[in-house]
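Two complexes follow with chain A in common, the first pairing it with chain B and the second with chain C.
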Partner chain A sequence: MASERTAAAGGLLKRCKQALAENPVLLGGLALAPVVMVATTVKNAVALMIVMACTLVPVMLLEAVLAKYLSMVPDFARMALCAVFAAAMLMPARLAVAPLAQNIFDSLGMYFALTGVSALMFLHSPGREPEGPRFAVTDAVCGTLGFALAVFLTGAVREALSLGTFWGVPLGFSVKFPAMAMPFAGFFTAAFWAAAWNSLSRLIGRMGGGREVE
Partner chain B sequence: MTSFLLVAAVAVFLENALFARALDISVLLPALHSRRTIWIYGLAVTLSSSAAGGVAWGLHSLLQGGGWYASYGQPFLFLTAQAFLYAVVCAGLRAYKKELYRAIRVPLTISFFNCAALGSMFLAVYKAGSFWGAVGTGAGVGVGFLLACALVRVAEGRLAICNVPRAFQGLPVRLMYIGLLALATYGLIGHQLPV
Partner chain C sequence: MQDKELKAPHIRMRESARSAMLDVVIALLPLYFMAAYFYGMRAVALGAVSAASAVAADMLCVLVSGRLPNLRDLSALVTGLLLPLMLPASIPYYVVITAAVFAIAVVKHPFGGVGQNIFNPAAGGFAFISVCWPSLVFSYPQPMFPLPIAGELTARLAESPAHALMLGAVPTIDTLDLVLGRFAGPMGVTNILVLGTCFIYLLFRKVISWQAPVAFLAAAAATAYFSPRIPASRWESVVFELLSGTLVFAGVFLLGDPVTSPKRGLSRFLYGALAGGATMLFRYCGGFEQAAAFALLLVNSFTLLIDHEAERLFRIVRRGILGFRAYRRSRRIVKKV
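After this line comes the complex of A and B, so read on.
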């Protein structure tokens, strides 16, 4: 019994390590739209993290539960149910995000809702196989952490370079690059972080814990 | 009809959903697999976005004005409508064209539940001005996606024979290329870089 538990914990740990090394945003290209468009400040980044956490974890859990207990229902109907559930989860997400800043929804615009729908893309990420609710929660938490990391790194760099601040606190830079807040700069910043993550992932792969990319 | 064409042309060229709003970036990656997948995903995104635009306009016309609708209801209703549309299309295909449904099941799902389809609903409501304008916005998002796919696909062939640093191979170099095209589009429209 104890050895079974240790094996299960080891499996979960390995899965977590793999999921983080194979960052779904920086390596898989999932949920890139909000990262590129509205991760221009750390506050926006934190708001996007909250929205993703509020939608991805419950949606993946629901999908796993439906797949396990309602397998006779056609898969498109289960997917539609997950979408409606994701839409409903945007309401608590809105309540959670509101205290961050007065104009936070003006900054996020339609990307607030689009972050919620991005969570549905995770259900179709390549190589993902539904393996029960426990693994679904692990996958969802790791996916959220991967997204959080990508959006935070992008938001922090763009805020520092475009406004010279971090969470609104001046950093004392004498030069600023306001163009860093533009969409094309979002593509460039995401590209540089993706390249850095590519290298890190290879390093982890060589150490024996993750993937080996060719 | 003029409104449809005008809005669609703006959505394809001037405010391309990928280069100006990064809307369909996550669909682009599976779509780039081959020329066939580009057409399948392109058509699926065009149909889903056009339908979504029309539905969004209808919902907005019926419900606009309420405080709950503006803050909480709109995203919920739009995504629920999208799920309903998806279920109807899938059920229809499953009943009458089972082989086709099996072949396009995954592209169909990805085309309905991505930023392009939901994004075109918001754009249709805020930018279109009429029902046909809303449908045109959706169609423009889809055709713009096909155009963007073609442009990125051309670059893929050229990048394959370049000596790209190992860390930048794959997604990073694609993002750099899309970023350059986004910058070019930004300049083409007449925007100036902020200083």
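After this line comes the complex of A and C, so read on.
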């Protein structure tokens, strides 16, 4: 019994490590659109994190709980049902995001809704690997953390360089680069973070003696 | 069995990447000389700062990527020298440094460095600072009023004739002044005579090919002729459009970049024509008066496609000609029989 628990915990840990090391946004290129388009400030980044957490985790949990019934549904219909669940979860997400800033929904635009039904959800769909709610939630949380990390890093750098602030607080930079708030800057900021993350993952893999992240 | 050192008949080529870059540097020197004549030693200082920044950024990027810097590689120096010539002599040093570092660290090295970059680094650097600080990049001091190398600038800044064209007005500048570069504009691109000489020199040295620049200028001239945006004659429209901005400079120095331009003659021609059309489109519909760099970046992304399609077109035409010849030969044989 104890060995089974240890194995399960080890499996969870491995899964969590993999999900973070193989960051779905920085290394997988998933859910890149909101990162490039909207992550121009830390507030926007935090709003995107909240939306992702509010949609991905409950939807994955629900899908795992109902896996027995959903297995009878064809793949395309299950994906559509996931999207409907996610759209329903946007309502609490909206309440959670609103206090961040007055014009936060103007800044997020259509990416508020699009983040809720991102490719991450379909990547981690438990319908493919029916391993139970615990694994589904772990996957969802790790995916959200990976997304949060990417969006936060990109948003922080772009806000610091374009506005010279962090969460609206001036950093005292005398030179600002307004172009960093534009989408093209989002692409190369995300690309630089991806390169840095890749190098870090390889370094950790080499130091730990584990396998390198491909 | 004894190994013998065989001396193959190696062909010793004088031309190399280094000699080509050196030729470009030599071609840029007269432009710096003219810039110093018009705006004083500040123009030279801007060039030196930009070149030093570009070379330093290049070395740093090479070291970060785990290689050793190649001291014989002059590509970063060329990028650094090209950038300030498209800018006003009054531009602050930090803007030039930003452009040079951006060109090398973002536009050149992430794609693989020397010989691998998709986009022209100098055009990328110029585009970035144009978007960041348009008021600094598109305000020009009057020529023949030397600017101090350091300290506060008190020179009165003016708009260039390209700005008047953008507003739909006819610039009040004599054509001779336009050719000689005696008007407020980017410090190294206004003297058309010197640019023409540089073009001939680079062409003679086989550093650039004629197809891309000629097609580029022809496409721009055709657009200006058939669709003038100012209330003047068609020829005046062509003259003002070609001589008032960075068009000729971009045609000679940016389009001729051997790394980012196509490899075949026909594809270079298409590339130049596409770049010329895109430049005029950006000028007519865009927000900036100097649009060649933006258009070039756009067209750079089609370089591989242009090369591929031009090759296919060339093969189709060749097959057609060969097929036609074979058909005529067979007809002749049939007639003889």
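Quick note on the criterion: the second predicted complex is superposed on the first by the 191 of 214 C-alpha atoms of A that agree within 3 Å, B and C clash if a C-alpha of one lies under 4 Å from a C-alpha of the other, contacts with A are read in each partner's own complex, and residues count from 1 in each chain.
Definition applied: contacts are C-beta pairs under 8 Å (C-beta built on N, C-alpha and C of every residue); 3 or more make two chains touch, one makes a residue touch a chain.
Since the structure is predicted, the reported quantities are computational estimates derived from the model, not experimental observations.
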| item | value |
| --- | --- |
| First (chain B), second (chain C), both or neither touched by A:30 | first |
| Partner with the higher number of touched chain A residues, chain C or chain B | B |
| Which of chain B and chain C A:132 touches, first, second, both or neither | neither |
| Partner chain(s) touched by A:175 [first = chain B, second = chain C, both, neither] | second |
| Touched partner set for A:188, first chain B, second chain C, both or neither | both |
| Shared chain A contacts, counted only where both chain B and chain C touch the same residue | 178-179, 182, 188, 191-192, 195 |
| Interface residues, chain A side, partner chain B - complex | 26-33, 36-37, 74-77, 79-81, 83-84, 86-88, 90-91, 94, 105, 110, 112-114, 116-118, 120-121, 124, 126, 178-179, 181-188, 190-192, 194-196, 198-199, 202, 213 |
| Chain C contact footprint on chain A (complex, rising order) | 175, 177-179, 182, 188, 191-192, 195 |
| Interface residues, chain C side, partner chain A - complex | 94, 98, 106, 110, 128, 131-132 |
| Residues on chain B engaged by chain A in the complex (per definition of touch) | 19-26, 28-30, 71-72, 74-80, 82-84, 86-87, 90-91, 94, 105-106, 109-110, 113-115, 117-119, 122-123, 165-173, 175-176, 178-180, 182-183, 186, 193-195 |
